[in-house]
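First chain written, first letter: the chains are A, B, C and D, and each begins at residue 1.
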Amino acid sequence: MTPRKLKVGLIGTGFMGRAHVLGYAAAARTFETAAALELDCVADLTADAAAAAARAFGIPRSTGNWRSLVEDPEIAIVDVTAPTGLHRDMVLEAIAAGKHVYCEKPLAPTAAEALEMAEAAKRAGVTTQVGFNYLANPILRVARGMIAAGDLGEIYSYRGIHAEDYMADSAGPITFRHDPVGGGALGDIGSHALATAEFLLGPVAAVMGDCRTVISERPGADGFPQQVEVDDVSRAFLRFESGVTGGIEANWCATGRTMQHDFEVYGSKGALVFSQERLNELHHFTVDAPTGRRGFRKIEAGPDHPPYGRFCVAPGHQLGFNDLKAIEIAGFAAALAGEVPEPFGFRSGHRIQRLVELIQDSASLGQWVEV
Amino acid sequence: MTPRKLKVGLIGTGFMGRAHVLGYAAAARTFETAAALELDCVADLTADAAAAAARAFGIPRSTGNWRSLVEDPEIAIVDVTAPTGLHRDMVLEAIAAGKHVYCEKPLAPTAAEALEMAEAAKRAGVTTQVGFNYLANPILRVARGMIAAGDLGEIYSYRGIHAEDYMADSAGPITFRHDPVGGGALGDIGSHALATAEFLLGPVAAVMGDCRTVISERPGADGFPQQVEVDDVSRAFLRFESGVTGGIEANWCATGRTMQHDFEVYGSKGALVFSQERLNELHHFTVDAPTGRRGFRKIEAGPDHPPYGRFCVAPGHQLGFNDLKAIEIAGFAAALAGEVPEPFGFRSGHRIQRLVELIQDSASLGQWVEV
Amino acid sequence: MTPRKLKVGLIGTGFMGRAHVLGYAAAARTFETAAALELDCVADLTADAAAAAARAFGIPRSTGNWRSLVEDPEIAIVDVTAPTGLHRDMVLEAIAAGKHVYCEKPLAPTAAEALEMAEAAKRAGVTTQVGFNYLANPILRVARGMIAAGDLGEIYSYRGIHAEDYMADSAGPITFRHDPVGGGALGDIGSHALATAEFLLGPVAAVMGDCRTVISERPGADGFPQQVEVDDVSRAFLRFESGVTGGIEANWCATGRTMQHDFEVYGSKGALVFSQERLNELHHFTVDAPTGRRGFRKIEAGPDHPPYGRFCVAPGHQLGFNDLKAIEIAGFAAALAGEVPEPFGFRSGHRIQRLVELIQDSASLGQWVEV
Amino acid sequence: MTPRKLKVGLIGTGFMGRAHVLGYAAAARTFETAAALELDCVADLTADAAAAAARAFGIPRSTGNWRSLVEDPEIAIVDVTAPTGLHRDMVLEAIAAGKHVYCEKPLAPTAAEALEMAEAAKRAGVTTQVGFNYLANPILRVARGMIAAGDLGEIYSYRGIHAEDYMADSAGPITFRHDPVGGGALGDIGSHALATAEFLLGPVAAVMGDCRTVISERPGADGFPQQVEVDDVSRAFLRFESGVTGGIEANWCATGRTMQHDFEVYGSKGALVFSQERLNELHHFTVDAPTGRRGFRKIEAGPDHPPYGRFCVAPGHQLGFNDLKAIEIAGFAAALAGEVPEPFGFRSGHRIQRLVELIQDSASLGQWVEV
């Protein structure tokens, strides 16, 4: 059977733009689905920049006007990697034009906008995907499967972290990530910690937050010190609907950390420990081991953990960051082909954004807030 | 100069009793102070049990009545390793008899009792020590020194954990550690996490807690299910007097963990990461390293980190748990000789107990509580 | 400037065939060279298999006859991923047809054949590449650069390993890897250990080997036990031309190991420790650190270590196995464009094959052998 | 039953002298045997030095003349921690006086002397012990037990290392460890690697060595450069009597390493990986784990691994270097009481010394040598 070709229009050519381009290329060569996604057009701020990106990325067409891309009848899927503040307009126009939409996280600066986008997508019946790519890690899927299958028994507690150090230098200037609307560490990377927490343990029911600014002033666009209004470090207690409780931390001033997206889950029969710093490893403890032989076992990602085998037939050879994007894209393609349910669509993206805001609210109130 | 001999009476012969015995033996052979502590008498519940312990431990005298030990004029120091509920009476009588007192943690089941003990000691002018032995780790002293010296720059955030799994089995019976007065994971091991946090970063000014029971029933003394009234997992947000914020977790149901007494400190110029699971290592990041050569450096404990060299002249050979007790005891001896200030006395022990209760209070209130 | 397009014909569609396909796709989208390599045709054993691979991999043309691919005037580069025993004929015909050749390792079953191929390529003036892809790891290039720059001072010793467990099961049947001509662990993966050793420390001048068969019989093609004539575990002492000495081990029966491609280099001023099990990390020790602060530093791959930044702008996000192939291919493209010297061509491939045979010879003789 | 008291005379008060003192103190308080070893007298080069050591270590008597200690009828056991060159005379006189002898490793500078000592001890019927204290690690005993029980199946291969960096500085002067008779890295620490190899896998039957001097000159006693005549780095291939083969490395110029006493054992059903750098952990792989759940399991030392429980009732609390000495001493006491066979006596000590010399011989010859 020949897969149905679906042409993709990509908006944005930065860090995540390139990661998407590599993802489409790898996904097309590693996965088999009835929907073949083809990058057909790229939009950037100017026609020249877009044309240069098209050449570099091997994309046939380009445009300096994202609206023309969105309205192009050739395009079936709009892929948005532009700054968060622009997501809403791009996405809503794409949906209005009947396109399926793949949008980088966070879905929108506010939960209200995210909800608007999710509802528009639902009304239009289009398929959506938000780019929480750490969830695409095969080893995370193993973790979720083990928890769901009861391998850990009754879950006792959860601990999650997403810490990096890209804002640890106080001489670093104010950026769009410091925008009081939608900015801050909790929204930027705490959202990953929240997505992983719900991916593993289901919906969060209540939160209590602690949001802190540790670098109170940074150089503004004019070079003069400007007040920082967003959180650098946030912590939250979580109560899941299941009754399980846990804690997370988001920290973009964690000097020395480049990718501390970690979790630990403890249950009556076992435990799982993971760090994105070593993203091809899952550490598993089970009480079923013989006396004196117990311990955390380092499971290395391999072909027994789909879809690792799509990339490499041998265990231990390791996937990289960009491979996770390819898996995410392949999942989106499979959803478009109706082969799997929508993996992490706009409703999920809205949910994470809402949790971010509720944690911020609870921190302001100094009280728990129900979801 | 011949050191002044001070005779010690030890109450209790269990887990910590033996650790103390080994500690005295090692301290006497590794440290030089003007006060030489000698185990002279041991008290247990019965005369026979005490006599057996005396033989096993090489202690000259024994008694089945702790009061006779406390009142014995030969004894200069009373060392209490009995269950927490008995600490107050033993300690107050020892102080009344003019003894210096070394007491295992937690100092008392309640902050009120701990305060009473601390004030009695102060009035009597005796020297005291509470057994938070993880603080005796040379590598922790390195960490504190680096923070104090500004090696990490301005401190941004703190993360602390003490997790073990000795209560993870729901078939495990109710013990004295489940006593509603003074029991629970936060008091038992969260106290270690709090002690380390204050040891490194100074006094805590405000707390917000989340205290959870995850195994709601356990077999009681009669074999029938009994309700558990204490926390199994507790988390807290901390605000230090310095303005730094952090979080801790106490967890005695962390299946698979035997000694996860960990901390991470992040600052503007560097970071420190430690785990008691590998207690001879301190991981240090500094921004002063050359571009492309940065990373966490694994510092291995060695003679450059006093008093490691007292135990071994070669680095990397490693101290064990019991060696930390020897260091604690040597510090107490040095304090008794007036060579150093009281390291972690009853006022500190009271402080930790008070933090435990305030965290519990804040969890009940669902609000931050000032210290 | 528009890069010059060079069409590639790929022979073979197995494990390494797919890795090459992904490599071309990623290389084209991440690197900028004057030579743009385009997969144009794929050859497999039958026309149907080749056509299926062409569809799966997005390659325009296919053929069931590798000779027609090799002779096709459209094709500028022949890429050989067929079994080792077929390399010689394919490569020599490709060279005869004036093609540049990219060939998977090992270059040939015997050093004699490898030499024949290398000399043919030299006479024809074509550019060649052998696929020792671990050498493409940015962090290995950092290691080589540090050694060359004298960061480790005078080199004292070297230790290298390549151990996996894909032959550890004695019930596993005889395969082409057990062919007495060119088979065995030393040739299959010891070759990687040798390539890395010479990549870091320069040419080996003398060897002393120990080659052992630990599973003496395996099921043959007919199901009956067949004698194994090749090594499962080999060790060698190495003396480099520089005078440095070291040791390597090759082991395909290392139960539990999936990718233990490790090395340790010790010098007068520092040391480097690497494991392919965590391929984005390089551990560096320098004596220049302050007293009491020394230790191995975990350097995480990042944009400071080219060409990592081509794949990801953020450090710590990690490259995977297939990314190394993309870097290798990009290096070949750059060599074809005359931008860099031939990275690891047929002369290097021959050299490794020769070392393999000399180690086998020395093991048979029980004596050191000069290279 | 009251244990029989046996008085010990200790010769030497340096690094290992202190470790022994701590070991006796801890052993007496943690183990129960019918033979109670009591340090009664200490000998050093001068009466003053010995008296100072006696005070520091709490030993009743002292002497500046080791012969008077050896001949003292009160003394039942002579413990020799003096430099290796003095071992023979001290030990032979002690044996002549009917004493049991505990001697630090290496037993003697030459295998001939070691044999003389072993045979004298055998003739006299005294009990002996050589201080290869890493063998006392409970986790090593677990490893040996697992291998002996067939948990790893048929053993395929072995890899052992003992590397430190205490001679890595070329400015470091010539010491007694550089004595052409008995000096060098292989004898000093390679002996540990050999002892562990035989402890785990039984007797070695043949060796092939490579012994190298990497720092050819060092400051002599007069400050002028002096030629180094011993090995800094040695490697050996080993063939055990069982037919298993392996390799070891001894290296005292491994810059950055403080205690790399490591081994890896691979078998048909599993594998064990150990590093003395984390001496309380044993990593175990078994093929019996479910598909997709395999991996190396980190077993942490605990009460399930005797005699760990003698030191601490809780797992994960960790033993240190000095605790291993206490276990060794307790084993010697148990042997003296007839409760266990002689653990690692002079015959074993001679065996290790002989292997050292045979490896040196084979390196000189450039050929394998049978044991």
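We take it that a residue touches a chain if its C-beta (ideal position, glycine included) is under 8 Å from a C-beta of that chain, and two chains touch if they have at least 3 such contacts.
If you're wondering where the values come from, they're calculated on a predicted model, not measured in any experiment.
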Starting at chain A, fewest touch steps before arriving at chain C: 1
Where in A-C, B-D or A-B does the C-D interface recur, with over half of the contact pairs identical by residue number? A-B
From the centre of chain A, which chain's CA centre is farthest? D
Geometric centre distance via CA averages, chain D-chain B, whole Å: 34
Using mean CA coordinates as chain centres, what's the gap between chain A and chain B in Å? 41
Averaging only over C-alpha atoms, locate the centres of chain A and chain D and give their separation in whole Å. 53
Send over the residues of chain C in touch with two or more other chains. 257, 294-296, 300, 302
Under the definition above, what is the set of chain A residues touching chain B in their complex? 152, 156-157, 159, 161, 163, 165, 168-170, 208, 210, 212, 214-215, 232-233, 235, 237, 245, 247, 249, 251, 253-257, 264, 266-271, 285, 287, 294-296, 366-368
Chain C partner, complex, touching residues on chain B are 142, 284, 289, 291-300, 302, 304-305
Quick one: in the complex, what on chain B touches chain D? 15, 18-19, 21-22, 25-26, 28-30, 32, 56-58, 164, 166, 257-259, 277-279, 300, 302, 311-323
